[in-house]
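Chain lettering (A, B, C and D) follows the sequence in which the chains are written, and residue indices restart at 1 in each chain.
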Amino acid sequence: MSNSWYFFLFFAFAVFFAVALLLFTWLIRYKRNDYGQKNLPYECGVVPLTPNARESYSIRFYLLALVFIIFEVETIFLFPWALIYDRLKLFGLIEMAIFLLILIFGYVYAWRVTALDFRREID
Amino acid sequence: MPYKHIEISMGPQHPSTHGVLQLKVTADNEVVLNVEPVIGYLHRGMEKLWEHRTYPQIVPLTDRLDYLGAILNNLAYVLAVEKLAGIEVPKRAQYIRVILAELQRVASHLAWIGFNANDIGAMSVLLYGFIEREGLLDLFEEYCGARLTVHGLRIGGVPHDLTPKVCELIRGVVTSVPRRLADIEALLSENRIWKHRTVGIGRIAPAEAIQYGLTGPALRAAGVRWDIRKNIPYSSYEDFDFDVPLGTHSDVYDRYLVRMAEMRQSLRIITQALDRLPAGEVRAKVPRLLKIPPGEVFLSVEAAKGELGFYIKSNGTDKPERVKMKAPSFINMQCFEKMCQGHLIADLVAILGSLDIVLGEIDK
Amino acid sequence: MTIDHPALQAVLDALAARFNDRLLETRFEKGELSVRVARGDLRPVLAFLRDEQGFNALNDIIGLDNANAPVAGRPRFSVLYQFYKFPDALRLRVVTDAAEDEPLPSITGLYKSADWAEREIFDMFGLRFEGHPGLTRIYLGDDFKGYPLRKEFPLAGE
Amino acid sequence: MIKAPAQPAFLLTQLDKFITWAQKNSLWPLGSGLACCAIEMIATGASHYDMARFGMEVFRPSPRQADLFIVAGTVTNKMAPIIRRLWEQMPDPKWVVAMGNCAVCGGPFPTYAVTQGVDKIIPVDVYIAGCAPTPQALLHGLITLQEKIAKEHPTRVMFKKDVRRDD
């Protein structure tokens, strides 16, 4: 625990850096007294046709995001494994191969059940 | 509870609407239900302006209609005025006009392949197309004095004869364009992503295309053999042999193939016209103050986008009573909504690019 | 009327046979045949031309304001329909006249490309087309007053 | 030009130089073309004339990320409110270049539908003449804009609420 105060130093610096950045930009930004339609959401120059964008939308977007997260997590597991790959010898290789195989199986299933593509006709 | 369909505006300021066109898109998340084009953002009141200008003054104004095919607009207007006034254009001038018109068609198609590919994602093709087009613009600058809005023709003929330097530039273009086309085709024609984005997208049946009045490369891609240079030859096009490329599936990919083939045919016409250039005058005797007795005429020409027609009614003075322009993009745009049914929003961009519309001639 | 263009002569004869006295005027100048019919007969004539004579493409609809050269007995505006026969490249022009307030029959039923063309004529001349799905201004904003292509409308606008 | 106050402040001139040096060498134009001038603007952006030599090759389609508005083409009355809205939605500091006769003064169209010059709706910094000005003319106009930016004093605007002249 002797040199654990480094952590607080790091934390303080992070907070300081964030606040300083915001303060600096607020200080040097151009002030203007008539902002006109600056806060209107930008939609190719016209007033947006659907004023509030918080409408309900299709399940397909959510499905695609889920499939993405699954394989994102898979790659995250690969990083630590790749770091100590040389010390794990054959055991590590087989272990990771099994892990990847299971996920490939999941990927093929998702592909076959057309979770990945945006169907052209109205589903 | 079914979710509400999204209504979004692919509005006047949009990188891939080729100018100031607004598309009110009603989409079920990604699938387009219907598209309502809103035009008029570039309406400059050309036809009203033409009623206050003399016949020769209108020629440079026609450059600003389809600003990618300035000489083709001039050709349509100038031929209509000559037919109305009964002016006989010397053979040499007709040949030079054919050379300039086909060069302008190649330049317009090069710009089109650049924009269409860039909309679909192949930005390098935009740079290929534009670097090649610079060669053509240098040629126009050498001959007409301007790059884009060239005012390249006159009523009764062409401004002046082809100088040796211009002929040499033309020979240069005729050899360098096919090499560049080969590069572009090597990049695109068998490219999996390009085919995935264009094959089977934006189909329209030939009968329906005629019903909507579609003309130009988009109609030929539907397999209908209709090219005014062949069907109603003007300005001695009948002297040259070239074939009219046709498509079969009438989708975005076929329109791409048709236009690329058309560029090669244009180069063939240019070489034939340059080799068989007859001697003689380059401009007929036209009175400086051109007064045309009352009458009316409608004449159309095969412009890069399709059939560009001019209706002119004269009233005996030096200013026309009425000039109406039939713009190919104006008519082609009407079947855009029909082509977009059931596609994704991303395909909208590919279909719009394949129609090669220009807002200058839609809005007049 | 005899014209030295065999194909168009055949069309003209068929038209004359079918609508003999309702063809108010036929003109053949510079190789172009134009036929004038009254407003009421427009749709039957166009339907006949399309179905029996094979003019399957409407090329353009042209609006005209004849205020500067008024012809006695004829209304002020005239509308010209430019037609095409696809395979053998025949052209035909059908002309009708209409006063300011007389609506013209809309031909969007016969030709889909007439939709925008008629909206443009309404926008520029103020001529109404009855039976048009959505007759609104196509170029100018809805708040624009006046019809620009009328002769009395100044070039630079009100 | 920014209204220069009576006595120029000398303390921050070096900071001004630095900020304007940074601003003028990375102008991001708004990717919006109206008519024929837009094609010449794209030709200038393409590889032959290459605006990238001046740090301007990034054409941002959205005004939120652009700081230079090249009005390239005819400004019609129907398009005017949209151009005003696009200009307002651009973050400060922003500059406007009126490219071509139509944007400068209505050009060859003295008609009912055309706004006679874009400076009737938004303040313009540099006017470029020509009916479809050649890429060289556009580049010359943009270099003039860079010289103009180099002479500006942004720090006065930032610290002293000396608001820019176009409000």
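By definition in this document, a contact is a pair of C-beta atoms (placed from the backbone, for glycine too) under 8 Å apart; a residue touches a chain by one contact, two chains touch by 3 or more.
For clarity, every value in this text was computed on a predicted model and none was experimentally measured.
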| item | value |
| --- | --- |
| Winner on C-beta contact pairs when C-D is weighed against B-C | B-C |
| Farthest chain relative to chain A (centres taken as mean CA coordinates) | C |
| Centroid distance [mean C-alpha coordinates] between chain D and chain C, Å | 46 |
| Chain B and chain C: spacing of chain centres that average the CA atoms, whole Å | 26 |
| Gap in Å, rounded to a whole number, between the CA centres of chain D and chain B | 31 |
| Centre distance in Å when chain A and chain D are each reduced to the mean of their C-alpha atoms | 36 |
| Per-residue overlap in chain A, given as positions that touch at least 2 other chains | 45-46 |
| For chain C, residues that touch 2 or more chains besides their own | 139-141, 148, 153, 155 |
| Multi-chain contact sites of chain B, meaning residues that touch two or more partners | 11-14, 40, 43, 45, 48-49, 363 |
| Chain contact graph, described as a line, ring, star, complete graph or other shape | other |
| Pairs of chains found to touch, sorted by chain label | A-B, A-D, B-C, B-D, C-D |
| Complex interface listing, chain B residues touching chain A | 1, 3-4, 6-14, 22, 24, 28-31, 342-344 |
| Parts of chain B lying in touch with chain D, wherever the complex brings them together | 11-15, 19-20, 40-46, 48-49, 60-61, 63-64, 67-68, 111, 126-127, 130-131, 133-134, 137, 146-149, 359-360, 363 |
| Chain A residues touching chain D - in the complex, by the definition given at the top | 27-38, 40, 42, 45-46 |
| Residues of chain C that touch chain B when the two form their complex | 29-30, 32, 34, 56-60, 62-65, 68-69, 80, 82, 86, 89, 91, 93, 111-113, 115-116, 124, 137-141, 148-149, 153, 155 |
| For the chain D and chain B complex, residues of the former touching the latter | 30-36, 38-40, 42-43, 46-48, 59, 61, 73-74, 76, 78-79, 82, 86, 108-114, 131-132, 134 |
